[in-house]
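In structure tokens below, several structures.
In what comes next, chain A is part of two complexes: it sits with chain B in the first one and with chain C in the second one.
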Partner chain A sequence: MGSPAAGRTSPAPALSALGIEKRFAGVTALDGVDIEVGQGETLGLLGPNGSGKTTLVNCVSGVVRPNAGRVLIDGIEIGHLSRDRRARAGLIRTYQNLRLFTDLTVAENIEVGLLAQRGRPREQRRNLVRRSLAEQGLEDVARLPVSELPYGAQKRVEVARALVSEPKVLLLDEPGAGLGSSETELLSEALRSARSRFSCAMLMIDHNVNLIMGLSDRIVVLSDGKVLRSGTPAEIAGDPEVISVYLGQVPQKLPR
Partner chain B sequence: MMVASLQVIVDGLSIGSTYALLALGLSLVFSVMGFVNFAYGSLIVWAGYAIAVTDSVGAPYALTILVMVVFTVVLSIAMGRFAFRPFITAPPATLLLTSFGVALALQAVAIFVFGEAPRHVPTPPVLIESVSVGGVRISLLQILALGLSVIVLVALNLLIQRTTFGIEIRAAAEDSKAAQLMGVRPPKVLLVVFAISGVVAAVVAFVWFARIGTVDPRADLTPTLKAFIAVVLGGLGTIRGPVIGGLLLGLFESVLASFLTTNLLAFQSAFAFGLVILVLILRPQGVAGRVVELAK
Partner chain C sequence: MRLGLTHDRGPGPLALMGTVTGGTTIVIAISIAVLIWVWAAGGRSESLLVNVGITAIMVIGYQVFVGNTGIVSFGHPAFVAIGAYVGGLVAVPSGIKSAILPDLPHWLMNLSVGFYPSILIGGAAAGLAALVVGPIVMRLSGATAGIMTFGLLVITNEVIRNLDQFTRGTQTFFGVPKASGLLDVYGLLCALTAVSLAYKFSRFGLRTRAARDDPLAAETSGINVVRTRVGAWVLSASITGVAGVLLAHQLTAFSPQSFFITMVIPVMVMAVLGGTASIIGGVAGVVVISAWLEFMRGIEGGSLFGLVEIPSIFGISQLTLGVGLILVLRLRPRGIFGSTEFAWRLSGSRPRDRDPDRGATQGQGE
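Now for the complex of A and B:
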């Protein structure tokens, strides 16, 4: 495990999903979607409800099987792997609705994030969990059952659990949902520092356009299960077709 | 009177601690897989045969117990691997029916191989001889039963609460799909849980057959039922639930045995089930359990 040697450019993107098709009982949710996320790159997924954003994340993480298409990590096919083997290949996701283990303490929940990596010595695991708790400001509640925390703090536990193993690829399904503006700021900060520390590739969905625009290097806009546009945040925000399909209320000024 | 009631408590705790272990083995599988394993008693029966067969070839008692422990754990893992793992994603009802199938199959094989007649399971006399401590009669086996139960309980609690394995088991028990996305392998967790449950069954079998002295192919129902009653009394979803349930059942039986007249004693099980019905009506989650949600 661990990140590739610094300075070496990986020939293949960290994550590619190519020609992904998914049909549910006659409804085509994804109709041949291609996305690529480079190492250390953040790709934001935008699109109206029902455009296929969550389905795409589900196909990549193995929650649903696509009808066609390939999923690759570092150029290696993982589309046939089970969910746990994808996790052990360095692909970790978060959920729109929290999927924390309510019976476990905060620290134990974060430790679950390390189960994907066998063979780490106990002391190292402890240190990683401790650092992760400190990063998210959760030290004081580490021994509490996670169910006793307020929503915002639970959301931070979920982020900590996803980041603790320093995944190669991180899928974030609405990480900002239900957060206040100061909490969203903390979230952005945590994701930025994770990216600079172990240059993980991120694929992110969120309804908070400011959050996505502020964090992403590139944006892909989905519409009716197809890629409508792909470009930098500035290009996307200025694209008339995107505005008409989705960004009806484009922010006056892009946050920097 | 004082001594008599002390005797009832000692007897009740000793048999109750065995029931507690039985219930623990059953509820362990339940909490992870969401089904009651009705083949659990078959493990106990086959453990009894393991002792009997090893003894019949002239092995010393300690060796027969060692062989029994290894055999029971292997049988439990095999049960998990071949009977239950193929249905790991199936609804709990499928697994429940599977467990009935396994119980029937293991019983049929036992009848075929060993016949219907009970077989003698040896016990060193030193284990069952009672000594009098201040008027209360107690055997080495009773002390062993209590001691072993405490050891198993403490070990199990440490394993579940303090180790990475424990975190893995608890995570898989609560949300197997989410756990899988974090790299947990549910099939592996299943095998580990069956292995642990096999160790618990072996400890129970040692105490059980030392007390009873015989094994027959249809003897699996009693341990399964005792475990089931204890689990219902104490409640699921915690370690202390089955333990409290087991001790309660032991004490209840011990009290009944000392107060009931001989002709009423035949209805001892009926009284136990009456108690179960009462608990289910008044406190469905058990005395010390909590509300357990079955997998959706």
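Now for the complex of A and C:
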């Protein structure tokens, strides 16, 4: 288990989560998971339902406190920090079930993503929000309350809010869930262009294997709260054990 | 230039100015109408309209906290009381003070400031009190925080009752000069409307509103939820404190029981009717309810503008108010204005700047 750390010697990984354990009332959700995401790397996180993917993202972002383990950004311990200070340290996440500021407009929702960093001039904030709106094709609805948008557009707002601050580490919890194929294509494009523009490290959960395989440099498969496999997308796609884990849960086929 | 409804401040400094001045313009217009009315009526309803103006400031102060944080407060009469007692204490002339409060410290005994300085001091005292308790209360959320604010009101009330040396305890505090003129009250109302609008659409207000809609998402976006709430709480308390000082200068005599839970109910109703998340909505709530109660009082008294004689029915003003509230909130659960505000816009603005108008008329009933 774990990933071979060779070739990533000089700079510290953008994100490390080491020995993460989380138990909920006797149920062990995470049982000593080690994950490292290198600078600018995209790590896909696969695993059947209940394997602990979202719990891992929750532990890293501070939404839940792990029972044991350390979380580091650029080699600096952040496990003791509050959620908002983690965000200000450059760790931003999205949610599987949208968590938008429902009464705020689209533009305001995105601007909130910029307020973490203090002292950004208003002019600069405005330009960044405008560019972000353009990237996601949300200019025409910029000043509508976000609750009036259809689901797919709301999903884009959440991605825009996460990307606008150019985070160091981005945690994406099922960004493709509920999107049609063209919308998934747009999402993929947005994430690629973000990565090339400010080279952020990403940890991405999704059940859409095409999306994950297309974007990830490396994939980690979780099963029952443990790391089952780690490797390149090609290695993982052909791994019999990974296939069997998925088949045990989803009888029809290897996910989509 | 035209006035329209908006959900946000719009892009650019000019748009922000248009949003802040938009709502303020409406309030200025209402204030001018009030002044003309009183002048035309030879000052007949002046006292009533001063009270309405003070209530409007209370509603705006209430809106700044409740509207931006989403936490219901039952404790705001505490800030009215602090404003009234502190602002009143520093404004009572020294001669009267030595008679009613013989045990005051020397420096306070000789202190007697004018109307506007007393407003500043009273407002600052209420803000300071909020700053002291804020970090404790604002860790809680939802109903728990609301009940906690009620606890604060009870504590404040007890403190005032027991600080005989400064407040005369349960006895009536009097001697405050009658100085709250119509022009002062409505001038302050306009100014505080502008302050509230500027806050709502500032980055501080935006952080608070984000934390209201989803505290967890706000935190993971880097917002310190407790700090943003304390900001709204302190500003809200200061505005409410100003209303308290004005009330002291209007009543001239008051006692601790003047500022208890019954004081916050009409304020709450007006804010909710107009739309808790909207400042102009709060003002609308004050106008609608005050006008309605006045109108119905005439009917209760058995005549309609002295023109028609009708049999008097007691309690009809409260009854119709209750029915009206239920109807309005049934049709518009988020109040008349929802979370929208008035803003000045250039007439030839691009179509997407007009979208909020459409949203405001179509998308409110949830």
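Assume the second predicted complex is superposed on the first by the 236 of 256 C-alpha atoms of A that agree within 3 Å, B and C clash if a C-alpha of one lies under 4 Å from a C-alpha of the other, contacts with A are read in each partner's own complex, and residues count from 1 in each chain.
The rule we apply is simple: a residue touches a chain if its C-beta (ideal position, glycine included) is under 8 Å from a C-beta of that chain, and two chains touch if they have at least 3 such contacts.
For clarity, every value in this text was computed on a predicted model and none was experimentally measured.
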Both complexes share chain A, so when I overlay them there, do chain B and chain C fit or clash? clash
Now for A:Val64: first (chain B), second (chain C), both, or neither, which partner does it touch? neither
Quick one: classify A:Leu186 as touching chain B (first), chain C (second), both or neither. neither
Which partner does A:Ala116 contact after superposing on A: first (chain B), second (chain C), both, neither? both
Which of chain B and chain C A:Glu139 touches, first, second, both or neither: second
With both complexes overlaid on chain A, does A:Leu18 touch chain B (first), chain C (second), both or neither? neither
Is the number of chain A residues in contact higher for chain B or for chain C? C
With the two structures laid over each other on chain A, which partner does A:Ile243 touch: chain B (first), chain C (second), both, or neither? neither
Please work out whether A:Arg130 is in contact with chain B alone, chain C alone, both, or neither, and reply first, second, both or neither. second
Using the touch definition from the top, say if A:Leu81 reaches chain B (first), chain C (second), both or neither. neither
Would you check which partner chain A:Glu148 touches, where first means chain B only, second means chain C only, and both and neither mean what they say? second
Determine where on chain A the residues touched by chain B overlap those touched by chain C, and list them. 61-63, 82-84, 86-88, 92-93, 95, 99, 101-104, 108, 111-113, 115-117, 122, 125, 161
Seen from chain C, its contact residues with chain A in the complex are 6-8, 10-13, 203, 206-207, 209-210, 212-214, 216-225, 277, 339, 352-353, 355-356, 359, 363, 366
State the interface residues of chain A toward chain C in the complex, per the touch definition above. 61-63, 82-88, 92-93, 95, 99-105, 107-109, 111-113, 115-117, 122, 125-126, 130, 139-145, 147-148, 161, 165
Which residues of chain A touch chain B once you look at their complex with the stated criterion? 61-63, 82-84, 86-88, 92-93, 95, 99, 101-104, 108, 111-113, 115-117, 122, 125, 161
Contact footprint of chain A on chain B as seen in their complex: 164, 167-168, 170-171, 173-175, 177-186
